[in-house]
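My structure is below; once you've seen it, I'll send some questions.
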Amino acid sequence: MSTSNRYAFPDLNSLPQDLKDRILEVQEKSGFIPNVFLMLARRPEEWRAFMAYHDTLMLKETGSLTKGDREMIVTATSAANNCLYCVVAHGALLRIYEKKPLVADQVAVNYLKADISPRQKAMLDYAMKVCLRAHEVNDDDFVKLHEHGFDDEDIWDIGTITAFFGMSNRIANFTNMMPNPEFYLLARVPREPKKN
Amino acid sequence: MSTSNRYAFPDLNSLPQDLKDRILEVQEKSGFIPNVFLMLARRPEEWRAFMAYHDTLMLKETGSLTKGDREMIVTATSAANNCLYCVVAHGALLRIYEKKPLVADQVAVNYLKADISPRQKAMLDYAMKVCLRAHEVNDDDFVKLHEHGFDDEDIWDIGTITAFFGMSNRIANFTNMMPNPEFYLLARVPREPKKN
Amino acid sequence: MSTSNRYAFPDLNSLPQDLKDRILEVQEKSGFIPNVFLMLARRPEEWRAFMAYHDTLMLKETGSLTKGDREMIVTATSAANNCLYCVVAHGALLRIYEKKPLVADQVAVNYLKADISPRQKAMLDYAMKVCLRAHEVNDDDFVKLHEHGFDDEDIWDIGTITAFFGMSNRIANFTNMMPNPEFYLLARVPREPKKN
Amino acid sequence: MSTSNRYAFPDLNSLPQDLKDRILEVQEKSGFIPNVFLMLARRPEEWRAFMAYHDTLMLKETGSLTKGDREMIVTATSAANNCLYCVVAHGALLRIYEKKPLVADQVAVNYLKADISPRQKAMLDYAMKVCLRAHEVNDDDFVKLHEHGFDDEDIWDIGTITAFFGMSNRIANFTNMMPNPEFYLLARVPREPKKN
Amino acid sequence: MSTSNRYAFPDLNSLPQDLKDRILEVQEKSGFIPNVFLMLARRPEEWRAFMAYHDTLMLKETGSLTKGDREMIVTATSAANNCLYCVVAHGALLRIYEKKPLVADQVAVNYLKADISPRQKAMLDYAMKVCLRAHEVNDDDFVKLHEHGFDDEDIWDIGTITAFFGMSNRIANFTNMMPNPEFYLLARVPREPKKN
Amino acid sequence: MSTSNRYAFPDLNSLPQDLKDRILEVQEKSGFIPNVFLMLARRPEEWRAFMAYHDTLMLKETGSLTKGDREMIVTATSAANNCLYCVVAHGALLRIYEKKPLVADQVAVNYLKADISPRQKAMLDYAMKVCLRAHEVNDDDFVKLHEHGFDDEDIWDIGTITAFFGMSNRIANFTNMMPNPEFYLLARVPREPKKN
């Protein structure tokens, strides 16, 4: 059906230098340019704010959330919001960071059956509450998360990542942003150890 | 979390001959035994009824639904019912029959964004209505499907496949039936043509 | 409104002998042919699978579920799925087996107010979970049911009956299958004891 | 389970004369005292306001709604609100006024399948909108009802009856008001014509 | 959009004397005639029943519910039913009785964040259950309320006020009843103490 | 109940200079510091990204959305997400920009009854779809908005503002961010014209 992006991508060469640099860097690293970089680049100010917010949440070095935890939150949130782009793209990152080829599909379909730790399950329970009925979050939610070793800063991270990707999911959905084909297969086959 | 099947599988050798024969045939063909065959085999009568129903719906040679269409209905239904086993197992079959490595993930997350035909989109609209609010099905639904070339027997097929796998999804969910790892990767990489 | 069956019933004489035999047997016993037998008979293979599944679930002699329990599950499930045929037909059976002329209407409108035992209430709580959100079934559900004396095989029965009639409800709804008028009044008046 | 009324009924002789008179009149006419008369009589002022509202809506002689239409609205509304008392009691009245022994069960389970006129179907569509999402009622709803011959006063009647019994349903539910056993069987068997 | 009342108001002088008297009394006291008095006055019998019910619930002198508690229930219920008239009109009364200029907006948007007592929070939890799923009310709800000092008569009050204004909300919504502009600002600024 | 912010605010003097400058500027202009500036300032990187995103969406000078339109989207979105902080704070801005003292309460309770233009109603219909079921946005939505004079860039604005404040709503909800008391009364009384 509607499988093309609803807004035209800008020409890479027409973009401001900072966008262009980052995009080429991503392309260099990944071998392709994830569509989110091109879609949002239509509006450089929005692109910059989005990437800055993304980076501070997803690349930060403090707190107890691993990169795998964070991508797990994004995948579960994106599934709850039926966002194809984000489930496929962040599901790929989740497989990479967790080193579990099956976990992304499990989290996307039903995280209650996924091969994750009880701590991660509690994390996703809270993320789903923020995603679907944040107005009901209360002190009991914090108590449950503390029991699993999350402190208040971790809980802020879980909540804000959920909220940020809820925004991202909505933008991807109304712009009909399609996942790059490359994402679908990433990290589904365990990498062979490099030989000397 | 709960990643093991909730009911123990029977010993293959303890099964009645007809079950054993079919299961070995499947194993021969697929290289593994899909868990649904073992889970249901705990109760041979139920196993036989389930397989007979499955086969008459999914293997029938009449009507305009292709095998790809049928697996697409199953994948969409199973996603709506958050059934991990069926999304993964039938998503694999969907990829095989449609020869599209990406289509199963698309249908599972949001079929409205999937790379499918308008006819298939109308088919899934109806399947979702049967899945989620069958009591509201009315003559208008039949008119819309007729416009896409489906006749009343095809509509029976779509509705019954949706209903049958809604049953299957619920059984898989309460038994905590886990998809065999082999399913996840099937047909994600286009097969190379066989060489002589 | 739409009070006629959407698909024409086959001529009884045109049916395969096994269908015809069973149908005549039911007619003999009940005094009429329940429409489900005729509607599904359009497709003998599906009819056979449906009846085989039905019989193994509903007529089995093992486990702790009584026939009244089973029809209670069917009535509650069918009400949750707004299936007129099944509420009316199985409500009649529920009245017969429970020997309570009022119980079917109670279970159909709000089983939480019905004149049933705490054990049956726990059974229906679980059935409603399988019916409406099977993907959330977890170990706690099993613990609660064990406390009421249900073992894992009984829980399988409750879940599978719920799932099977969820299928049946959807088929009845999309085919617009109407309950035979005879069902509505069955067992509403307590039978007088037979005199010698 | 909770099959007894949650609040004790007052002693009939302790009631104010106007309540007592009306209750005895109802008993005389029906052969029993519907529980709603006794439950609300605990508070005579509320009883009087409730009955006055009820009577002006349900006994009025103007407008195009028949008594059968009105009881049909009540039955559909009460089913949507899962109110056992009102479905059973007003379902009985619906059977009486429509002279159709099957219609109440049909309307209670799924009015879209009930043997009612297109005009009554439009009436119930509107009643369900008032019942479930009154804040979305708009001019289009009025246009649709006008097409079926309802004028603005009829639409007021439909809406207010729906709203009034939505109140009644909630009160019956939190007080655990049980339908009198007599209601269940009323008008299920067509009355034989009286002989001279 | 649709910001005019859908039904014409009757001429004040054409009304029966008892309606006219009460309406003029309200106008004298409030400085304006709340639209609900004029809208319902189109039908004097309904007006009288509505006002009688309203008065016995909202003006009664017994029980532990304060006038502020009652208006708080009305405001929360009306917000849950998206009723503009009642949120604005009863929000004003809530501000007046609670002497808290901010509380009405808080209760209308999310009572879980409102500056209210734990007792009032428990009261609103129950009111929301009666409002949204009264058929699930059970003995546990009564236990929780007893713990906060509410007795069974108070619980009757909470439930009936919720039910009555659920009716009122639906009528206001389908008649498109608009709040008088005067309500919006009432009691938002703390009154200065009167000087001698 | 929980009426205090869940995370402590940082000391203003401890903040980076750019945050401090902006915050003092806001305080200078508004007479108080909106709590969102202090809550997010706990994490300067997030604060900067949030404000940059906010400013580019809400302060941009291009496109056909007025400032009133944008605050109307925010108010409706925040009401749908039950976010007390944002309904109160942005409701105040909506009153200021639209110069309509009543419009914010109307939009917050039920925008379908609000005194807004048909163009604004279409705008909010779309915003609500992005807010609540963005995965169903399709070409028809764009057609409807075009008919009201919105171009694709305006539609991007509506969608992104809705998505951004959906994030903001979730953060405000899980941090229990309370609106400053000053917001509640802003622009409720029409300003008197300044005298010379």
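Every chain is named by a letter (A, B, C, D, E and F) in the order it is written, and numbering of its residues begins at 1.
Keep in mind that, in the parts below, a residue touches a chain if its C-beta (ideal position, glycine included) is under 8 Å from a C-beta of that chain, and two chains touch if they have at least 3 such contacts.
Note that the structure is a prediction, hence the values are computed from the model and not measured.
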Chain F reached from chain C - shortest hop count over touching chains: 2
Same or different contact residues where chain B meets its copy chain A, judged by the half mark: same
Identity of the chain that, by mean CA position, is farthest from chain C: F
Chain centre separation in whole Å, for chain E relative to chain D (CA means): 25
Between chain E and chain C, distance of the C-alpha-averaged centres to the nearest whole Å: 45
Chain A and chain D, separation of their C-alpha mean positions in angstrom: 52
Chain A residues counted as touching two or more neighbouring chains: 2, 82-83, 110, 112-113, 135, 138, 173, 176
Interfacial residue positions of chain A with respect to chain C in the complex: 110, 112-113
List of chain A residues in touch with chain B within their complex: 1-3, 79, 82-84, 87-88, 101-102, 105-106, 108-110, 112-116, 118, 121, 173, 176, 178, 181, 184-185, 188-189
Chain A-facing residues of chain C, complex: 135-136, 138
List of chain A residues in touch with chain F within their complex: 2, 6-7, 43, 45-46, 48-50, 52-53, 56-57, 81-83, 130-131, 134-135, 137-139, 142, 152, 155-156, 159-160, 162-164, 166-171, 173-176
